[in-house]
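The same chain A turns up in both complexes below, where it pairs with chain B and then with chain C.
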Partner chain A sequence: MLEIKNLTKSYGDVLALDRFSLDLKKGEVLGLLGPNGAGKTTLISILSGTLGDFTGTASFLGRDLFADRSLKNRLGVVPQDMAFYDELSAMDNLLFWGGLYDVPRAELKKRAAELLELVELSARAREPVKNFSGGMKRRLNTAIGLLHRPDLLLLDEPTVGIDVQAKVSILDIIRSVGAAGTAVVFTTHQLAEVETTCSRIAIMDRGRVLAQGTLEELVRIVGERDVVEIAGEFAAAAFSEAVRDLAGARVELLSAADGLASLAVADTAEVPRIMDRLFRRQLAVTDMKIKTPNLETVFLKLTGRSLRD
Partner chain B sequence: MRRLLLVLATDVRRHLKSPAAILVFMAIPMVMTALIGIIFAPRTEGKELPPIPLVLVDRDKGLASKLLLGSFDVDRMKKMFQVTVADEAEGRRRMKKGKASAMLVVPERFTLDLLEARTTALTVVKNPAEQFLPDVVEEFVSTLAVMLSGAVQAFAEEARGIRAMIDRPIESFPWDKLGPELGRAQKKMAAAEKVLNPLLLGLKEEETRAAGAKAQVTRTDIFSMMLPGMAVMFLLFIVQTLMRDIVSERQDGKLRRMMTTPLRPLELVGARLAGGWVMGVAVLLVMVAVGTLLFRARWGTFGYFLALAAAASFWTAAFFGLFHALVRNRNQAGAFAAPIILAFSLFGGSMMNPEAMPKAFLAVGLATPNRWFIDGAALVRDGKFPALSLLVLAGSGLVLTALAVPALRRRTSV
Partner chain C sequence: MRTVKRVLHVAGNDLRLMVGDKAFFFWSLVFPMLFIVLFGLVFKSSGGAPAVAELTVVNLDEGRWAAYFLDKIKSPTVELKVVGAEPAEYNRLIVLPPDFSARIEARRAQALAFKKRENASAKAAARVETRLYQAIARVLGEIVLYGDGDLSKFLDGHAGFRDIVRVESRFPENTVTAVPSGFDHSIPGTTVQFIMMMVIIYGGVTVMEDRKKGVLARMLFSPLSKGELFQAKLLGRWGMGLVQAIILFVVGRILFKLDLGSAPLALLVIAVFSLAMAALSVFIGSLCRKEDLIIGLAVLLANIFAGLGGCWWPSEIVPPGVRTAAMASPAYWAMDALHKLRFFQGGAGDILLNLGILSALAAVLGAVAARAFKVRD
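And then the complex of A and B:
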């Protein structure tokens, strides 16, 4: 349905997208996971036609996404901004934004009512949106992108700044939209969101896809090894030096920063050896955790940094 | 076109749903017009003088002085004079305190002198502290004296008869002769009334003015002259506020979202310019209605005024379309717009009468919509077609539109 090839975009000397390529099938929900500055919003902006001056191609439904204006009727976009009119009601907003697409008026009204039901705003459909909570506004923002039943839905961090209940509601909507056959791309830096919502995950950093696949496929990148996370009062270089001769098939240094380091171990029996080495080198350890492999450990291995960095 | 109309209709609805800014901008010119009109317009009511305080000193205490005092008690005289009967010392004291404009002294034997057709005199003592009102009293008394003299001469025979009867003791008063004497006098009065009533000669007031001098303006005229200037100044403020959406929607992400839909940039630009135009005309028409209701302002032929309002709103929408294509953000728009509008209003004649403005101001004013709108409105008020104003506003509006459309398209493409 969507085939992106070698998308490249620079802001001056900064490379925001670096030969980015991706395929997406009908009904697939793709989570684009990456830290701030990874290039997620740039990708969404290019695909939605609001950012120019790039190279590369994107084919959507067999046509050139960047040349064929009629494809805008098949594309839904949910921006990170709450982009609607506060002084209008939820229903009036839906009718206005939906009216910009080629949807017959009668059908649009019916669809708007359906969506208000879906995002649980029916009871307040006629109330000015300025009275809504942040979560309600996010749900309305999402509903606007679905009015014209798009074949591809692009969501840019749709759960930013809302409470858990509203977040769960929006993620449910994304899952149901995917189940109904719409291909979905949504960006986030919340690991739990992509783990629970997406059928496929792409990990992005510095404008490139580092790895993509299902959660299970990605976890296999780290292997079956546990991850030992060690916190303490040590320098990154001193830690790396201390565990250097332990590294091998059974122990792998995943990341080392001042005060925090991670190692993959084939067996938890390796942990005492590691701790002994650190004590011998007089590196102060204040905390130690053993984690089973998950998306976070995959991300850590691929990017060398935590999502919070 | 369908999308253009949808954006236009939604814009109008949005602004009508939260009309606070528009209402404030519409109320300000009305309040300013009312205040300036009340302060500077001549009063049409209260032209009559207040009653003139007059002290009457009655040294005669006879029939004629009583009749004289009674004549001040009729309604018409009450409006002119407020009479206090006092002695001379009290009269002078009241004048000194400013409580009396003049003192009328009726001399002793006044009644007898009149009955005997002897020369007598009423004395008017004028308050030296006042200039105008004592002269009115003096003129009035001199007129009264002429009338009394005439009456005494006309009724001299009857007066002598009555005088002769008065001199007799009361017990020998010839009551039987009093009737015929009064009857003769009554017949003379009736004859005189036939001649005098109705009066053949009337008095008509007419305002005169020197050649070339202007007619005195009424308060309604002041409002009618001021309102167009105020209206166009606040039209600029209102349209500017409405069209600020162009920059604010760029900042808050709505523009980006619109551009993800099939809406074309040119449709959006057209909707924004048309929205400013439509709202401008509507605002001006509301101001006309309110100005007519509140101030009874005259606007002239409605069709001509509508054309002028449409041309001025078109100019304003095009100008602020271009303006918002050039500014970077909402704050910059706010910072620059107010000084521009105030300069237009100052040089264009919204803040002062163009006839009282320096020549340099007048020359600069030709580049403002205010000047052309005010001039056009003055012509429309006089029943004339404002051809030149329409031509200038519509023509320059077209030029501004031609500049605004590509500039806005560039700003719209994100």
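And then the complex of A and C:
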């Protein structure tokens, strides 16, 4: 459905997108993760047609997204900004924004009512938006992007600055939109949102996709392992000796003073053997945890721990 | 077609937001009305003429020609009050000297003194003065036709010469016969001033706010192009000026009997002027990032242009140097055209230069605004 190839965009000397490429299928929900300045918003802006002076191509539904303006009728965008009219009611906002697309008026009214129902704003449809809470505004912001039943929906941090309930509601909407066959790309800093919402994850930094796939695929790609954390009273030398020669296990941390040790294992099936060795050598183990690599560990592994502006 | 529909959709929404704003009616109607009343009263005319204009005649003539002459002056709209000596108070007065008849009969020139009280109706004075000239022309005409005969015997017969001369007075073409009211100046003047102020403030601030909020950028997510979005914004602000003008003109017509001369041409002038101001508002809104700056600029520009351009007082009464400087103000070209239409009974041909200059200004400002127009900071 969407095929982006070698998209490159610079702001002066700063390379915001560096030969960025990505494919997206119908109904796929892609979470685009990246630290600040990774190029996420630049990508959304280029795809949505509000940013120029770039190179590369994007094919959408088999046509050139950047050349065929009619494709915008098939593309929905939810910006990070609450970009609508506070003075108007939710219904009037939907009718205004929907009026920019080739949607017949009667159908638009029906669609607006449906969406207000979907984002749970029907009861306050006629009230000026300026009276709405942040979460209600975010829901309206999302609904505007869905008015014309797009085949591709781009969302730029759609859950920023709202409470948990509103966040859950928006993520439910994204899931339902994807389930209905719309391809979705959404950018966020919230790793948990991506884990629970997306069928595919792309991690980008410095304008490039570093890795993409399901969470399991990403873990495999970056070579991240499960970690066995062991607490107890043991001498460092004795612990090292106990786990020496243990295939598929690697000591990551060993602090006898703190009574802590971490072992990276290729397979959690190794855990009973590790514990057996420790007990055989009569090391006093008081606690043991297995930590499975999550998106955060993958993300940090790929993008590093240094702070970004 | 869809493009035009989208442009009108955006422009219409801008107008709807403006009209829906409670402050709009205060700044576009209530506040301008205060200006209209203030300047309308300052420049009001001296009032209408009385139905019958009085003329006091100090008749000192010792002969019979004075009575004959006064008979010629009489009319339903001129009332003669004949006295023997100059009274202390009068509105208009003419003195017929003791030798009035003698000089006529001797065919000798003579001067008649006609006096007007300073604050008396100018219209009534003009009517009496016209009647006096008619009477003089008729008497002189009869004397000339009578030929070399004895004028002392003219009044004893010779009925054939009575009223043999008819005198008709006509104003030269395009002469103003009805004095325009002060409101005929103050309503267009205030309208032009407030179009400048409100279109720049409201139009500029909303362009800036929409850009900062991401509303303009969001519009480009739709099939609307940046050029079409600019046209829509220009159109919306043009509509703001027109709506304001129509409201003030209609209210002015109802409350103050506003006469624009030619209403369609006056609206055309306002339309072209509003277009120039709409372009200026988009330009200012695209450049500025703070509301205070736009308001400050708008108030400053609107007041300078209004004062200089003849919105507050007719530019015809200012010294020539100031009038030349006024040509730098867009308001001057609008007000000058409106004055030509109302005060000098002008037609389309008389305001072509004004329309041309305002159109050129709109085109230049439009081009500059289109270049400066941006959807993101």
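By our rule, the second predicted complex is superposed on the first by the 237 of 309 C-alpha atoms of A that agree within 3 Å, B and C clash if a C-alpha of one lies under 4 Å from a C-alpha of the other, contacts with A are read in each partner's own complex, and residues count from 1 in each chain.
The rule we apply is simple: contacts are C-beta pairs under 8 Å (C-beta built on N, C-alpha and C of every residue); 3 or more make two chains touch, one makes a residue touch a chain.
This one's a predicted model, so the numbers in the text were calculated from it and none came from an experiment.
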Would chain B and chain C fit next to each other on chain A once aligned, or clash?
clash
Chain B versus chain C as contact partner of A:R69, first or second or both or neither:
both
For A:L100 in the superposed arrangement: first (chain B), second (chain C), both or neither?
both
Applying the document's definition of touch, where does A:A83 land relative to chain B and chain C: first, second, both, or neither?
both
Quick check on the superposed pair: does A:R175 touch chain B, chain C, both, or neither? Answer first, second, both or neither.
neither
After superposing on chain A, which of these stretches of chain C ends up overlapping chain B: 26-34, 80-88, 98-106 or 134-142?
26-34
Which residues form the common part of the chain A surface touched by chain B and by chain C?
45, 48-50, 69-70, 72-73, 75, 77, 79-85, 87-88, 96-97, 99-102, 144
Chain A contact footprint on chain C (complex, rising order):
2, 6, 9-10, 13, 17, 20-21, 213-215, 217-225, 375-376
Touch list for chain A against partner chain B, complex:
45, 48-52, 69-70, 72-73, 75, 77, 79-85, 87-88, 92, 96-97, 99-102, 128, 144
Of all residues in chain A, those that touch chain C in their complex:
45, 48-50, 69-70, 72-73, 75-77, 79-85, 87-88, 96-97, 99-102, 144-145
Along chain B, where are the residues that touch chain A in the complex?
3, 6, 10, 13-14, 17-18, 252-254, 256-263, 413-414
